[in-house]
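Each of the two complexes below includes chain A, the first together with chain B, the second together with chain C.
Presenting the complex of A and B:
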């Protein structure tokens, strides 16, 4: 499904019926990359032995109190700034109550009333049609970013009728990023999330690896006819990759359209994406409509942040967070990096997207450019068409490439100096993939791929060819 | 004798000079605890560890290197403070047998000073109550029930009633700690104060009960009732001792984000002689319905005492006082509902045998673990926190709370240094009479004079003043400015000296001190 413009309509399922406008919003939970948890000193680590990273506070032992982790606040401020948000100089913490085995305190500490950042935006790009030839830029509004605790994990062992609870993850810091329903299809959502992922990884505020649960996306989907109010929305959960995100959303859009066109109604429910079947199924909704009984967290005073103007003179700078100081130290965001690549190397915008989309590829490209006289515009072709497609074919990351940037640069230099033809170069590259440690020059010599530079020698060869083909030559000359 | 002495001047000096050893002191207290077991003041007596601590203290004294004034001093701690290795039950089935892996900050501080922890004292379950009658280990008896003073005044009942049934309550919820201090089984005890839980039993048991300013002493490790109002409370036999204990406990704790950052400097209380520069406020609203004529008279007498000594005594108004009960009820139950959510039987504490489903296990665990009072407050609190009720009740109550706090700000700004009020409506009620009304009714009645200080976060102290007609203690309360504990305690000490509250005359104590007993007329020793 591809929509052409914001709120672009999907072709109607049945002829003669009014078109449908799908509406997609996202709630994204990004695990903060920090040494310790949001309110306690226990470590943050993926795949540690169960219940080995649990402090007294995480286990909700009576009498324990939350202590805010500075690094988590900085991560949220960085992310807010990168997403063009207003950072709230005063934000508050609240308790959200519900009973579940992986929530030891019976409530989650979150920011419901006044979150740390609001009113931002994220720009992302899509290609129109599947060729990377035409890109269009879109924007999605960021409603807010809030700090909150992650829950533990519970595993249901139906065979033994028991639930196993691992609290390692309980209390890890999360940034919940809420994206307004400005998207209209799976592809847009996927592109937006991909861009967010790149931003988070560039900032270092989250490693944002979906497979490790560091980035979780829930989609809110509804459809309506143009001019009519928004339809009932469903929430889609259990999406484990960006690819599945697009699939899940598109499936859900189609499901809703079909349902409505058949005279049915959409329930305001939560549905899980089943990646094997490629569809969404209703989740067992045990609690019905939950009243979370929000209440201010009494053990945490309001979070006060400063900027250069409001920072009191005598304040110990270890004790406070200065938003301007953080802003000055933000690294180049992906969009800026892309612009720079385009400007510096004269490559196409869509090339810059691919370079950044692949971890390490931009760096590889720049290294090669440094070490070769070949124009970047030409180098990019080798990077994107040859290197990247080979890596993709063999499911390798740039880091795992058997051909290093030095080796590729050597090869391109041979080509540039016209010591080999481009066909020969491709042949050499194919050999290099084997990773046997031979240099390009060695392979050229081995396979006798050197280009002949000597004019006389060339004339001799040509003459010999012509001499051997007298008849064809006679036919050719008059014409 | 030793047991009846104040810390700073007497016992500490005696320990230093070797006239008594920490071990002797500890053993005597332990023996007294045994002989006063009928008071039911202690839930757990940590005999072994206490003796060990006493031995270690003794070593230090031998070397001439005591850690401070509190080194070797026997203390008791209310059973809602976490104590590593010693059961912490909150007088509830939910935490019966629960042994915490960590010490509350205040407990750690006492231990770091060399204090000897005798045991954990009894309370109303989860500190909910004003009688110390609603815990699973039974009610605490006021030591004064067995005092000569009370027995002399008691009218002998015509029908053959077990004289045991005449005993009076300690007040609550820190009744065990108040009784422990009052009966000389320890020199100081920690309580907690959320709506008056330290001052109320202090008044009924004739001891000093200090509620510090909110944010001065760490709550890390204090199992919370109402996080925004709870403070650790200090119970001692004289004001000087309260100042000593305060000095060892106060100060910023990084583990408690609600403690203030400012440096705290422990202080010695000056001997105030000239009160002519003092302005004492008498809040007219504290002449509450149900205030006994006896206490009213005493309050009046106290005001005259200040006036005659040259202080300025003025009537002031705290107009929103009458809303404090309702306001407290909403805010307290809401926080209780939230704080009790963690007791689900999964990680620690009682777990029901019901295991059909997680939900049914939760429900059974909580019904079995909590008493009616706790369950009632949870239900109320959840009601007030429902989305449709939140604005009407919780937010409204927060606004009223602000008004109550502002009443105090205005009065203190108008030149008043300190407020003088009664602590309780009457002297301690007999247990059988007290339990005629339910916990909620009692709490609502009894907290009226003490609650507002918790709403406003202000420091307040009960000073034992005189004996009632029934021979039971009556105390008066001083409320001070935020973080002005030094001024508050200085005035309290002056007042204590003026009133010369009589010492309790207990048979059991007499027996313990046989041979070394010196008759003392008052409990203050400055």
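Presenting the complex of A and C:
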């Protein structure tokens, strides 16, 4: 099952010892992109005044009841379909009990017994040996997707020995995506999460911005020798970016290997990733194994979903969710978009990955292609080598680019019509980058970069150069 | 008014939860045995019922913002607050 990106098991640490196979599974929580919360009508918004987006239900005041948000169910169905899952036409809600200051009810409403979607898969691509030109496709199985509530936020004030609680996030809808342990290293996990992020953003079911806590990833890591049973696993939390995800997993794999090779044992514990130190550390102890006392949520009947065949005749449309209707309206997923780009424009597969990886870049590319006679295969070079590297250098998004697609198209047209050389074009681009509002043509004229088309004029200039370098010419001519 | 030892003993006696002696534990075991009689019912092929609501339709709400913005009211219930945060013990 497990192998590394290069096709083999992780080599032995010490010579003569059996190789280690790392096993990585992921639990991903994606915040649903909706106006209101999963079971209440308070608003979902990042960074609002504390406790301003909290209803009586969110605060767990007595006498309040959960009311399911239709949009959240649709988001979960879309996501399940995009990940090739079977959608459970009947799913159930449960209570998961634990005590924490940011969980006012003392339990979280989740779907433990029968979640909304099961048995899917996610395909992602990796570059072999860091060469973009050799990409390999891998698949990770999706165990299930469940709907559940988010908790509030705790701010620990150790100085005054207290915790400050903000319930704005309490009750926001989450999709928990559980991946089977089919990955073997940080790189695979990072690639899988990146692809999931793109899928969620394409669907619109979650904005999946890790920095804003809309996508949270916990990694389960263990190692074992080939042929032996899986090792004890640790859970790694507090990972705030895809880059740190890869680092955290690789660090944990190596920590476990070293520990075991030195005769130690691995504890079934939860560890936090410390991004400053680049290592994992044990988290504040969670007194042994938690007993969550799962029980059915008594206030919510089963969630029933329909398809074209089972659609009831007399029900109010607003109360019915039709899986087939949602399926028909799914947008093109990233993998399909990439294929279309390659087919339509004749670019390389790895180019399509870069285009989709940068928000807005594919659209920019297509706009430029529409407005220029230059072949897409040539345009792509300007987009990926010139434009993208400028953007990266200045940490700008495509939206923030001082050079618009119209301006770039104008420039490429000048080049295509042979009115300027490609070196001149790069010079003009550098000038355009300053964003002073000049058109490419204006800059060309200003810097006198026009290519001379007149044969006579060219001869005159060449002659003048030769005349000016008489000595060198005399040496050159015999040879 | 403090809770006297007599009241405590009385409560324990009523609730049958005296675990300090073997008699209490014995009583607990008997209570569990009594409840275990439920297992004698053959439930093969019968779906467990979670709730009497199981045949009801789960109502779906439109995704509109209809609540919230009641910070002051919510914090009225809090014994302690810091700015507009609830205060809880550490850890």
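Assume the second predicted complex is superposed on the first by the 449 of 479 C-alpha atoms of A that agree within 3 Å, B and C clash if a C-alpha of one lies under 4 Å from a C-alpha of the other, contacts with A are read in each partner's own complex, and residues count from 1 in each chain.
Everything that follows uses one rule, which is that a contact is a pair of C-beta atoms (placed from the backbone, for glycine too) under 8 Å apart; a residue touches a chain by one contact, two chains touch by 3 or more.
Nothing here was measured: the structure is a model prediction, and the numbers come from that model.
Trainee: Applying the document's definition of touch, where does A:293 land relative to chain B and chain C: first, second, both, or neither?
Mentor: So A:293 only meets chain B here.
Trainee: Looking at A:207, would you say it contacts chain B, chain C, both, or neither? Reply first, second, both or neither.
Mentor: neither
Trainee: Touch test for A:270: chain B only (first), chain C only (second), both, or neither?
Mentor: After superposing on A, A:270 lies clear of both chain B and chain C.
Trainee: Is A:67 touching anything from chain B or chain C once the two structures are fitted on A? First, second, both or neither.
Mentor: In the superposed model, A:67 contacts both chain B and chain C.
Trainee: Once chain A of both complexes is superposed, is A:34 in touch with chain B (first), chain C (second), both, or neither?
Mentor: Touch status of A:34: second partner only.
Trainee: Among the partners chain B and chain C, which is in contact with a greater number of residues of chain A?
Mentor: Tallying touched residues of chain A, the top partner is C.
Trainee: Based on the superposed arrangement, let me know which partner A:42 touches: chain B (first), chain C (second), both, or neither?
Mentor: The second partner, chain C, only.
Trainee: After superposition on the shared chain, which partner residues are touched by A:101: those of chain B (first), chain C (second), both, or neither?
Mentor: The answer is both, since A:101 touches chain B and chain C.
Trainee: Applying the touch criterion given at the start, work out whether A:92 contacts chain B, chain C, both or neither, answering first, second, both or neither.
Mentor: The second partner, chain C, only.
Trainee: Taking the stated contact definition, name every residue in chain A that is touched by chain B in one complex and by chain C in the other, in rising order.
Mentor: 56, 59, 61, 67-68, 101, 163, 165, 298-301
Trainee: What residues of chain B sit close enough to touch chain A in their complex?
Mentor: Checking each residue of chain B against chain A gives 81-82, 88, 90, 95, 100-102, 104, 219-224, 226-228, 254-258, 334-335, 337-338, 340-344, 346-348, 358-359, 362, 382, 385-387, 390, 394.
Trainee: Please output the residues of chain A touching chain C within their complex, sorted ascending.
Mentor: Against chain C, chain A makes touches at 34-36, 40-43, 49-57, 59, 61, 67-73, 92, 101, 154-158, 161-167, 284, 296, 298-304, 318-319, 321.
Trainee: Could you list, by residue number, the parts of chain A that touch chain B in their complex?
Mentor: 56, 59-68, 95, 97, 99, 101, 104-107, 163, 165, 291, 293-295, 298-301
Trainee: For chain C, which residues count as touching chain A in their complex?
Mentor: So the residues of chain C touching chain A come out as 50-51, 53-71, 74-75, 77, 82-91.
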